[in-house]
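You will see chain A twice below: alongside chain B first, and alongside chain C after that.
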Partner chain A sequence: MFEQFWIPTVTDLTRFAPELTLVATLVALLVAPLIMGRSAKTAGWIALLGTAATILATLRVGGSVHAEGISGLARPAAAGMLILDNLTVYFKIVLMLFLAGVTILWFIGSAEKEQHGEEFFVLLVGSALGMVLMTATLNLLMIVIAIELASLPSYAIVAFNKRNRTAAEASLKYVIFGGVSAAIMLYGVSLLYGLYHTLNVADIAARAVVHLNTGHNSAIICIALFCFFAGVAFKIAAVPFHFWCPDAFEGAQIEVTTWLSVSSKAAALVLLLRIVDAFSAATAAHSMVIQITVLSGLAWGLGIIAAVTCTWGNFAAYRQQNVKRMLAYSSIAHAGYMLMAAAIFVHPNAPADHSPIAAVLVYLLIYAFMNLGAFGIVAMVQWKTGGETVDAFNGLGRRAPWIAVPMVFCLVSLVGLPPFAGFIAKVWLLLALGEAGNTLCWTLIVVAVFNTLVSLFFYFRIVKAMFLVDDGRDAFTPPIAGTALVNVCGLILILFGVIFINQPRDIAKRYAANLFTPAVLKPHDRRATATSTTPPDLASMRTELADGSK
Partner chain B sequence: MLLTSVVFAPLIGAIVCLIMPKELTRVVAVLTSAITFALSLFLILPFLGGGDASRAIEVFGGAYGEKLHFVHRLPWITGETFSIEYFLGVDGLSMPLIVLTTFVALLACLASWNFNEWKINKSIKGYFFLFLLLEMGMIGTFAALNFFLFYIFWEIMLLPMYFLIGVWGGPRKEYAAIKFFLFTLAGSVLMLVALVAMFFYSGEAVAGGAPSGYLSGVEITQGTFDLIELATNDAIQQHFGASSTLFLGRAFAPLMFMFLFVGFAVKLPAVPLHTWLPDAHVEAPTPISMILAGVLLKMGGYGFLRLCYPIFPTGGVAWAGVLATIGVVSILYGALCAMAQTDFKKLVAYSSVSHMGYVLLGIAVMTHTGFQGAMFQMIAHGVSSPMCFFLVGVIYDRAHHREINRFGGLWLTMPKYGTMATIGFFASLGLPGLCGFIGEIYVLLGTFEARHQFAWAVPAAILAASAVILTAGYVLWLIQRVYLGPEREEHAGFPEATGREMLILVPFAAFCILFGILPKHLFFDYVNGTLVNIVDAVQAATQTGAAYAAGF
Partner chain C sequence: MTERRFTTPTLTILAQTAPVVRGDTNIELVTGVLLFIIFGFLMAFAALVAGRFVRPTLSHPEKEAAYECGEPAIGDSWVQFDLRFYVVALVFIIFDVEIALFWPWAVVFGAADAATAQGFAIKTVAVYDMLFFFGIVVVGFLFLWRFGYLDWVRAATGQRKVSHLEPTLQPEAQV
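Moving on to the complex of A and B:
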């Protein structure tokens, strides 16, 4: 009987020190005001310290990551309840660095006038915890909980300035869309659970592949999978689940926009890659025909969504006057580029070094710098002039050259032109697509490069406003710390684009390798501690299904 | 190393410009371009004596790509499945264009000397920084022999050019700048597709030609970005040219040829992709127009000769008729448009479209004479057209307008300037004895030469030859309206061309004449070997590919 109650050992817990550190940071943020009195800045410092501690913990844990990836904090250990592998380590470090960047941005712009710093950071760190969990699980329940943990604080934080009507409206839209897609996702999850009596995605994938191939229950599986993916697509803001994104980004205060633009998409993308990997692993044991019939549907589905997402994002951005809103559409477009990698990853023959994942990881890293820089500059313009439309940037080259020049770097990098890092990120993506080398991939390459052209239109509206138009607005001095921050971002974009081209990719390759793939556990031995890593053979599965359907 | 220093000397100068005090910026810039020019002259040395049959092999190699000079190769970007080299080198194709670039850049830099007197003279540091950055991009594009490196240099030019037109340009500068950017980028995104495709397809070729990609279960083999390797490796050439090699369902070579062609045709510019050019020229400040006409347009022609033909010779056959048509249309349309202009600068801009049409026609017929004519036409136009733009700039500085019909009798007011202008415009006209003639006559002869191969060659040559009348028409009419006639009162106060202006005009004029008189000794001796190698390789490849080309 005691076997049913499983208590994690110390080893299990130390593996998840980064998550626990984040939880501790949350607790500290809540308790600190009781001890030291309310102070926004203290909260900011606690968040920053917590971020640093999490990075340290991740590095320490990362050193011991097993070559196969470790799943822990659940029994059996191979079930993928909470995963620790290279990918989670990489994601945690990038996310925490980005969180630190956002916190620094907050210190520069909002710390002075903020009344509710504690709550702000509880929500911010809470959503970060949710995102960290999102990338580290292949358990349906855990996925749902992680997505909700990431979303609920995001809803609140978008409307954090409660006197701002736009923010309230944005948040409401975000909540409604989020709620509906969470419901859809839960519906899909419950269908999947009802079909297969398991929460382990690997199990579900293994059975679904057989079912899809035999046509058994295939309609309901498709519906369930579609609903499930819809929840993930909502977080990525993939078209047609993107409607919340521009509104939320426009209404939220700028640090929040910066945060959401990268982190929520990144987390959902990593989650998607994991799910896709589980599905492609599930087909590995089957014949080529099964692989093609089952996976090409998934690949084309994701590929089309990717192509539509980036094209839609770029075209919609063109008409925007509000720079935050424009960058929101830009973030939709960039999510589309990254989704392309997910589309080609749907195959058991995908290279062992996971070049599509590596491409996404490099892209995410560089994208984080581009966005931190671009939003940082938009933030400074807004703090100093109160405007966040394109007009507010008129003559910025003269008014504040030290932020206008890095803005050009960020924008050109977002377009994806050399000699900036954005181009290199795009090249890795295109090369990863080319490696896959089928019609879908070449089509996606063509779509991606034409989107470069389309995106030039709107990114250069800002460049034009900054340097080509001057309507004599007053010059201003942006905050020194902020100027330093965005110039560092700009410099990094040049360095990664010209000199250190290899390094991000080498790092990403190292972290993309040895992706944890959960074992498929047969339903009857789900409780057993022994794990089997061999994929199920088709015949035994058929019998098993026949048994189940009696 | 010498080549690397030629490429990056402008970059160092650009950074020095940013550090030095404002007053010294233009001195630094002129010094930098002078040093770059001086360094680039050393590139000519190994080509001396290339006209001797005995030394031709030594200078140019027995086949395309066999002999490169000043090669500088370093591993640059490496991965498990690929490596991208930093690979620079010159042959007879790129050497003259690099020297032309540094030459025009030096004179354009001198033309910017009076920056402080311009109407828009903000941020002198920014101007010269971008100017030198542009020079680096141009030299790098000509020197790069790795496609990836080539592409990076190609794109690096866009940003400085956008700002140079957009910030220091005329009244419609925003429109002209973004139009230039969009057109060029539209071409270069197609080039990017070709870049990725050529890399993976060359990998397939090395592996034996089966379609690769893990989705079809085949391991990826390392491809290459090396432009010489792509053109000379037999396995790659066979695989690229085979009609069974498909890209998205279409034959590979003609499609890739077209992707690359569109990218270069925008730069050339060929009708109907030329519309950015008049806008960009009219709005750009004079020195930038000189660079644009003198060097940037040559990138298009260079791209054909370096990428399209050596790598996809069968594509060249497949599209020869289309290309020649575009060339002839560009010649005629450009000339007719030039005739209709009342804006002095726009007239010169359209004449560029017309002249670069000859380049396209000469290349499209794929004969020795045609290629040589096209190459000569590029250099000749690279000398005469910046000169014409500078001549327009000189008069614009004085009159502050460019209406042809409001000028007249300028030769009497400014005799030295008038003489220079006559040389420049007659060179552009193609008067025998001046540089424009040699290129056009070679192109026409080359087109006739191809009459056995292409039925359209003779009509194309006749049409192109008749365009000479149009050219003479608009140039003579222009000279008559602007320089001849009675002296006008409103021009009485115009000062004669200053020493600086003559310093710029005289070298141009000298080369206009010298190239016209001594084309062999000044040009063909250093270039022909490489062009002959390219044409021989192309013709050898098309013998086998001709039948298939008809089927595309």
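Moving on to the complex of A and C:
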């Protein structure tokens, strides 16, 4: 009777050393105060050490990744439970670097007055663990659990300063919105499981393609998929699931805002890429007509959401006075740009060299630096002057030139103008769009360029306040470590924008190639016209479905 | 194929007996869902409206009370509950769920025959698994215990400590 019980081998466990390291960090964060007494700084150092250990573990494990990734920590039949492939390695490294940046920001600003450092870092590292798991799974239950694991600590950490009414309100909105999204997503997940009796997204995709093709009850599968994607879109903060984002970002402590602005979007985008990859791989065995019908439907759906998201984000940002809120809307807009790549990635004429995924990965990396820099400067202005509106930046060029100049770098980079890295990131994105070269892609290019133009205005309002408006406020000296941090970010933006233009993309391409594909869906290359190699189980499924619907 | 989809006989039976979505066209499905929603609303409202016309209206302060239980209500419901109730409730739920997770583990552990090599391996792994899992829960519990989240009379102990030094100082509200 024990054939059904599966025991992970040591090799399996070794492959997931990064995740286990994060769990160990969580436990260490809780055990350390029991032994050494409470100290916020100790907690910060443990988190930093845990982050470094996770990066080392990821690098160590990353060397052993085979061509198409490994699915470990699950019985062989339950493929996709926990995936180790190049994409997860890349994401873990970027996320951990960013976590380290946020921790350093916390050390600069909040470490002195923080009384609950242990709880703060348990929540922060806990949400990081959830995000890491989100990007490394193709199993419906794991997706739900990972999204919840990423969300629940985020809700709590937004309201971390419990005496702050704005934070409490923001957190409550976040919780309610998150709860509703989770319910919608669970509804979609249960519909999918009810339809296909499997938790493996790759299997579901294969069956859904056949199902959509037969045309029976295709409405229910569309509803199920829509509900499923709604949960992911909530984490990306894509319109119309973006309402939590500005409130949560405005109410939260600034380190938390910095953390959420990049990590939750990045994790959900990678998860989305993985899901849509499963769908496009599932169509590989079918005729060109089916490929085009199913994939272009998905691509147009995502494309429209992407276009609406970035337009909405930019126009809403235009009216904001609070800089945190403005950057929140800007992050919605940037999520829209990245969604565009996801949309063309599934398009039937998508470029074959993984350039859309590579474009997203480069964008994420550069976006992390832009946001760390911009939020770091907003944080320092807030710590020193107490203001976080655009007025607080008046005359910053005179008052604190060492942070005003990197702020310009970050803002211009966020707009996407040369000679900064944001421009390069956007160029790779638009090039990937142009390579596909169909109606959807050209529409998206026009939308992206138009949005860049719109975003110019609100980002430059801060630049204008810093250098052209001076109402004689006092000069101040920002913390030295913080100044160093944001200047490093600014320097990286210039280096990636002028000298190392190709390197991030080359690295990203290497990591974007060969996403994990479960055995059932091979051959992976969806552009090979593999109409003759229909897997036998797909054929049987087709009859099964046809029988079921009579 | 089936082996991958259903791991246990129970699930297989459940899956085979599960109702299949019938209806040949999307229209039928959409109509069905629409009818369900419309009638769902109608049922709820019809009951309320019917009650409105049928019932006698004899108002009485006792009947207007939120809790009609025979006891006069004290104060209103907008009081702030002590957070300690929530802490205790959360701890209870964590250990409650833990027991629920212990159950399948115990079944497997009990069913494994330690005399065979495989059964012994499963028992060994199961013990370590559960120790690891239990250890993580206990770490959280120790954290709560050590830092006084379980002390019911926390404010009073704080007062006693402080009052030695400064008798006038009010205890700090620390929830």
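Keep in mind that, in the parts below, the second predicted complex is superposed on the first by the 518 of 550 C-alpha atoms of A that agree within 3 Å, B and C clash if a C-alpha of one lies under 4 Å from a C-alpha of the other, contacts with A are read in each partner's own complex, and residues count from 1 in each chain.
Here is the rule we use: a contact is a pair of C-beta atoms (placed from the backbone, for glycine too) under 8 Å apart; a residue touches a chain by one contact, two chains touch by 3 or more.
Since this is a predicted model, take the numbers as computed values, not measurements.
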Next item on the list: Determine, for the superposed model, which of the two partners chain B and chain C contacts more residues of chain A.
Entry: B
Note to self: Once chain A of both complexes is superposed, is A:Pro33 in touch with chain B (first), chain C (second), both, or neither?
What the structure shows: second
Margin query: Contact-wise, after the overlay, does A:Leu453 reach chain B, chain C, both or neither (first, second, both, neither)?
Written below: first
Note to self: After the superposition on A, what does A:Ile7 contact: first (chain B), second (chain C), both or neither?
What the structure shows: second
Note to self: Once chain A of both complexes is superposed, is A:Ala219 in touch with chain B (first), chain C (second), both, or neither?
What the structure shows: second
Next item on the list: Please work out whether A:Ala100 is in contact with chain B alone, chain C alone, both, or neither, and reply first, second, both or neither.
Entry: neither
Next item on the list: Classify the contacts of A:Arg398 with the two partner chains as first (chain B alone), second (chain C alone), both, or neither.
Entry: first
Notebook entry, point to check: Contact residues on chain A for chain C in the complex?
Noted result: 1-2, 4-5, 7, 23, 27, 30-31, 33-34, 38, 77-78, 118, 194-195, 197-198, 200, 203, 216-220, 537, 540, 548-550
Item checked: Contact footprint of chain A on chain B as seen in their complex -> 76-82, 122, 151-152, 155-156, 158-159, 162-163, 166-167, 173-174, 177-178, 181-182, 185-186, 189-190, 192-193, 196-197, 199-200, 211-217, 220, 247-249
Notebook entry, point to check: Hey, which residues of chain C end up touching chain A in the complex?
Noted result: 1, 3-8, 15, 18, 20-26, 29-30, 108, 111-112, 118-119, 121-122, 125, 136, 139-140, 142-143, 146-147
Margin query: Applying the document's contact rule, which stretches of chain A touch chain B when the two form their complex?
Written below: 288, 344, 347, 349-351, 353, 355, 398, 412, 417-419, 423, 430-431, 433-439, 441-443, 445-446, 449-450, 452-453, 456-457, 460, 463-464, 467-469, 501-502, 505, 509
